[in-house]
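Sharing a structure here in structure tokens format.
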Amino acid sequence: MALSLINILIFPGFLFLSTLALAFEYVDRKLCARMQNRVGPPWYQPIADFIKLMSKETVIPTEANPSIFKSIPIFALAATASAFLYIPIWGQRSLYPFDCDLLVVLYFLTVPTLTFFLAGWFSSSLYAEIGSIRAMTQLFAYEVPLYMALLGPALLAGSWSISAITAFYHQNPLLSLLNLPGLCVAIIAAQGKLERAPFDIPDAETEIVGGTFTEYSGRYLGLFRMAVDSEMVALAALISAIFFPALLPANPVLGLLVFLIKVLVVVFILAVIKTAFARFRIDQMVTFCWKILAPVSLLQIVIDIIAKGVILS
Amino acid sequence: MKGTGKMIPLMLRMLVKKPDTILYPAQKAHVEEHFRGALKFDQALCIGCKLCMRVCPSAAIEIERVSETEKVFQAYVRMDRCIFCGQCVDTCPKKALENTENFELASTDKESLRKAI
Amino acid sequence: MLFDKAIHWARLKSPWIIHFNSGACNACDIEILAALTPKYDVERFGIQLKGSPRHADVLVCSGPVTMQQRERLITIYEQMAEPKFVIAVGTCACSAGVFNGCYCVEGGVDTAIPVNAYVPGCPVKPEAVIDGVVKLLKSIE
Amino acid sequence: MEQANAIVARLEERFPALVGGANIANERRIFWSVPLTSLMDILRYCNDELSFTQLCTITGLDNGEMFEFLYHISRDDGIVLTLKVKTPRDGGVVPSVVPIYNGAIFYELELEGLLGVEVEGLPDDRQYPLPDNWPKGQYPLRKDWKPNAETPPLPNP
Amino acid sequence: MAKMMIPLGPQHPALEEPESFSLLLDGERIAAATVALGYNHRGMEKACESRTYIQDIYLLERICGICSHSHSSSYVQAVEAIAGIEIPKRAAYLRTLIGELERVHSHLLWLGIAGHEIGFQTLFMFVWRDRELVMDLLERLTGNRVNYGMNTIGGVRRDIDSTQTEEVLKALDILEARTSYYIKVCTEEQSIIGRLAGVGKLPREDALRLGAVGPVLRASGVRRDMRKDDPYDAYSELDFNVITDDHADVLGRTVVRVFEIMESYKICRQVVRNMPDGPIAVKVPAKIPTGEAFSRYEAPRGEDIHYVRSNGTDRPERVKVRAPTLANLASITNMIEGGYLADVPIVIAAIDPCFSCTDRMIRVQDSRSGREDRYDWAGLRQYSIDWYKKRGVDLSQTKAAWKD
């Protein structure tokens, strides 16, 4: 009992995730800055931002519903933290694997977007509302390709459990090469899910000021930022668990190291994408998701089904 | 050739290059020669003609006689008003005024910006 | 106390700014923007430009206060969450500068809201903006 | 110079009443005082026949006794013809040139806002460029206007 | 049909000049459109009358910090014309040099802002990094990064020496290489083109009729450039091209600007190579004889106009300024009026070169029920397409143009 409490709260649960989230926010920002030929923030920046926000006054707009306004960020954070518990970190197994945990993780990872929507909707600000509508529209666009891209590998592995999928590809590392199209789709869709450029449409600063979070300040803004960062880590972990299952040493410390390196690689790719493109318009984004991402992920499923047939025969 | 991701090669190259940032304030700022910064006044040269006061577009400079007996003058500049145009410097017949390269004038106290130079 | 110390440290290390033009000639505005670009890169100090006053700690204000902008300036200031600071960037923002005496100009930023730091210059060099922020942070210390 | 002379000649031919009013400042600048009543006819003629298709701006000024309005119109070869008309300071009315030069709205609003002259037929009555909270009936560009209790103080006149 | 008032804006707190629009709706038609300008109205024209000619240079220079040299040049040209002064050749060349460097800085600035507005931070960062080269050059030549204070009545205030000439040439080489790279990026990067092409159409006839100026006009295919049509300073002796483009949309305006930068480099090279020797200013008495003059100057954003009238004293009787942005804005209201709400976003994109005001939202309020509808840019466009479809006009082609 005590052990699982530690597991949930400290390692690899909440505290570990938060630390990772802040660390990777730094990595992301620094990479982005360096790619733009500037120095970028110092290493402690995300921590300072977080502490400062936590200690700042919180203004709640008079028109907003205070209890909803306050509880939404906590939901967002709790959902990502729970999702993280089901993703394998230092080995082939996550902490609490069960049969369909892939689906559960995906649901958990949808929650933050829903909370962003609610946050925008309930803060009764013009900008925030537009931001939340955009967030919702975007959700419908990238969610399907993302699911399909992840379900392909799962089909091939014949399990809905992330741990089982990881184990399967660990035994057949070459098979994971088949999942390359899915990997691309997953990374791009993750970018959309994290609302980062070029899909930062819901909080396009030059168009709608702060987007969904326009009215949030202080502590609750800090929690939201933390939720977004942990979502990034969770997604990166999920992608690396499913798509890069090779090299899983039995030693937990080494395993953790390998895990960190993999997440770093995913974050690096995410940072490059963020830096390299102009923001899409919402209509362009939707078209892109349906015309390009969805067919590619469909292709992924077809590939996996065929591969499965070949293996079985 | 139309395509996308055109800037990625440049970005990746930047990863290994030194940033273009100057490390001000740790490093000295980059100021070109003859930058028009804060004014400097040479009391010995001034003849008190007050031409500088007349031409100043924002009424930022004031010349006062500080001695009863001798022709000694003191210039007061309101840094919070001076636009560093250098017209007073150009106009002064005795070259008693000069622009320095000092631009670090920020202050948390407005009063301290109005001072004798 | 350690806790207070940490908070104080975080405040100094993470000043997010919002920029407001209350009637400036654009020169100060572009110089403030230039301070974000690679050559000056104020993100080194944790400074980020925010669009929403709710997110910002420091209001960076340029230009003299015109009659039309006065109300807006006050609203923006009021929307910011405590603790908040104001930097008047440019001679205009300090005292209306060369526009002193124009009929639609009310004066410097301090005629509308309290100001914590003044940065003279017309326009201010981006380095001077940094200098202003650094001096403001020192004064908070 | 030839171009400018030719333009002057054509205008004088068409509007004989104007003869002698032209002042050719240099090869590309012509100033011409014209009566208010014929302003619209001249503008229309210049636009249609002499290809002065661009209205640069309208300057309104108060010379102490009269209001003067200067219509600066230009052609593609760089020649600018300035037509000057005068109205009395009280109750002066000028016609709107928007029907001829569609882009004139802002210039005419400025005349109304800053000088307080009536522009007849201007399809717009908003306050420009003075702020919304500017006191009514104060026209800062008039020579006798001084900042007063209702407008911001002038710390440094 | 109910009349509705729509405030459009509000102005963005983060960037550039503030302004906002409001539209009076009569059913679907716009009965009146209002650009609420004047947020920055400072009353400078009146202030000019109470200051001396010299003081006015510095005041007028500060109409705008982006084309400060344009305003002061235009003003001193007018005063010199009244006083009947011919400025020395060298002064004319120096003014041209600063004017062209200003154009480079302004266009690069615009390109960066455009990148920022379409969410392409990297383009913004790189362009502004290289813009610093121009800024350093200007600081070196004039003593300030913006508001150069280079002009005075009768000439210029600073000379340049041979080492500075060398530096200008060297910086131009670097800048030219970098600019060609940006031209490549802007004309080839699909994610940029997707955001710019087909947005904010302003056909040639409309641009002419509504008095648009500068790159907006030239992007609609009109060859009008004061440097050629009404040459001042040294332009009549220099060889350069007027860039035009037929896209008549935001992409066209981008193309015109980036290629104009290249022309500016060409002009700068000619200027420093052929700079004549001699004095840089002539003395002008403080009192200017009675007279009037009208001067035009091709600022980076278009034709800048100053009219000055003197009365024989050391203060002008009247100074009238018409900044280029005003001319472009005026055309916009005229385009909105009498049109349909559905057209508004497109029209606003056409407003100005830069997007700060374009990608905004619109709030529609029904004056009777008080009901509010909110649209963002994309939503309003969708609305406009549907609206036209209902009336039998198929805009899907236009839509295709937005998407490709």
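Letters A, B, C, D and E mark the chains as written, and numbering starts fresh at 1 in each.
Everything below uses one rule, namely that contacts are C-beta pairs under 8 Å (C-beta built on N, C-alpha and C of every residue); 3 or more make two chains touch, one makes a residue touch a chain.
Remember, it's a predicted structure, so these values are computed and weren't measured experimentally.
The chains in contact with chain A and with chain E alike are B, C. Most remote chain with respect to chain A, judged by CA-atom centres, is D. Work out the mean CA point of chain B and of chain D, and you get 41 Å between them. Separating the centre of chain B from that of chain E, both taken as means of CA atoms, is a distance of 28 Å. The geometric centre of chain A is 63 Å away from that of chain D, both derived from CA atoms.
With each centre defined as the average position of its C-alpha atoms, the distance from chain A to chain B rounds to 50 Å. Counting only residues that touch two or more partner chains, chain D has 130-131, 140, 156-157.
The set of chain A residues touching two or more other chains comprises 33, 35-40, 127, 205-206, 209, 275-277. Touching two or more other chains at once are residues 4-5, 7, 11, 19-21, 23, 30-31, 57-59, 83-85 of chain B. Touching chain B in their complex are the following residues of chain A: 31, 33-40, 272, 275-277.
Of all residues in chain A, only 35-38, 126-127, 129-130, 133-134, 197-198, 200, 204-209, 275-284, 287 touch chain E in the complex they form.
Looking at the complex, you find that chain A touches chain C at residues 29, 33, 36-42, 44-45, 47-52, 55-59, 127, 205-206, 209-210, 213-218, 221. Remark: chain E residues 32, 34, 36-38, 41, 43, 45-46, 50, 81, 208-211, 224, 226, 229-231, 292-294, 296, 303, 305, 307, 309, 317-318, 320, 322, 326-327, 329-331, 333-334, 337 touch chain D in the complex. On the side of chain D, the complex with chain E involves touching residues 25-26, 28-29, 31, 53-57, 59, 61, 63, 70, 72, 74, 76-78, 80, 82, 101-107, 114, 123-124, 126-131, 140-141, 157.
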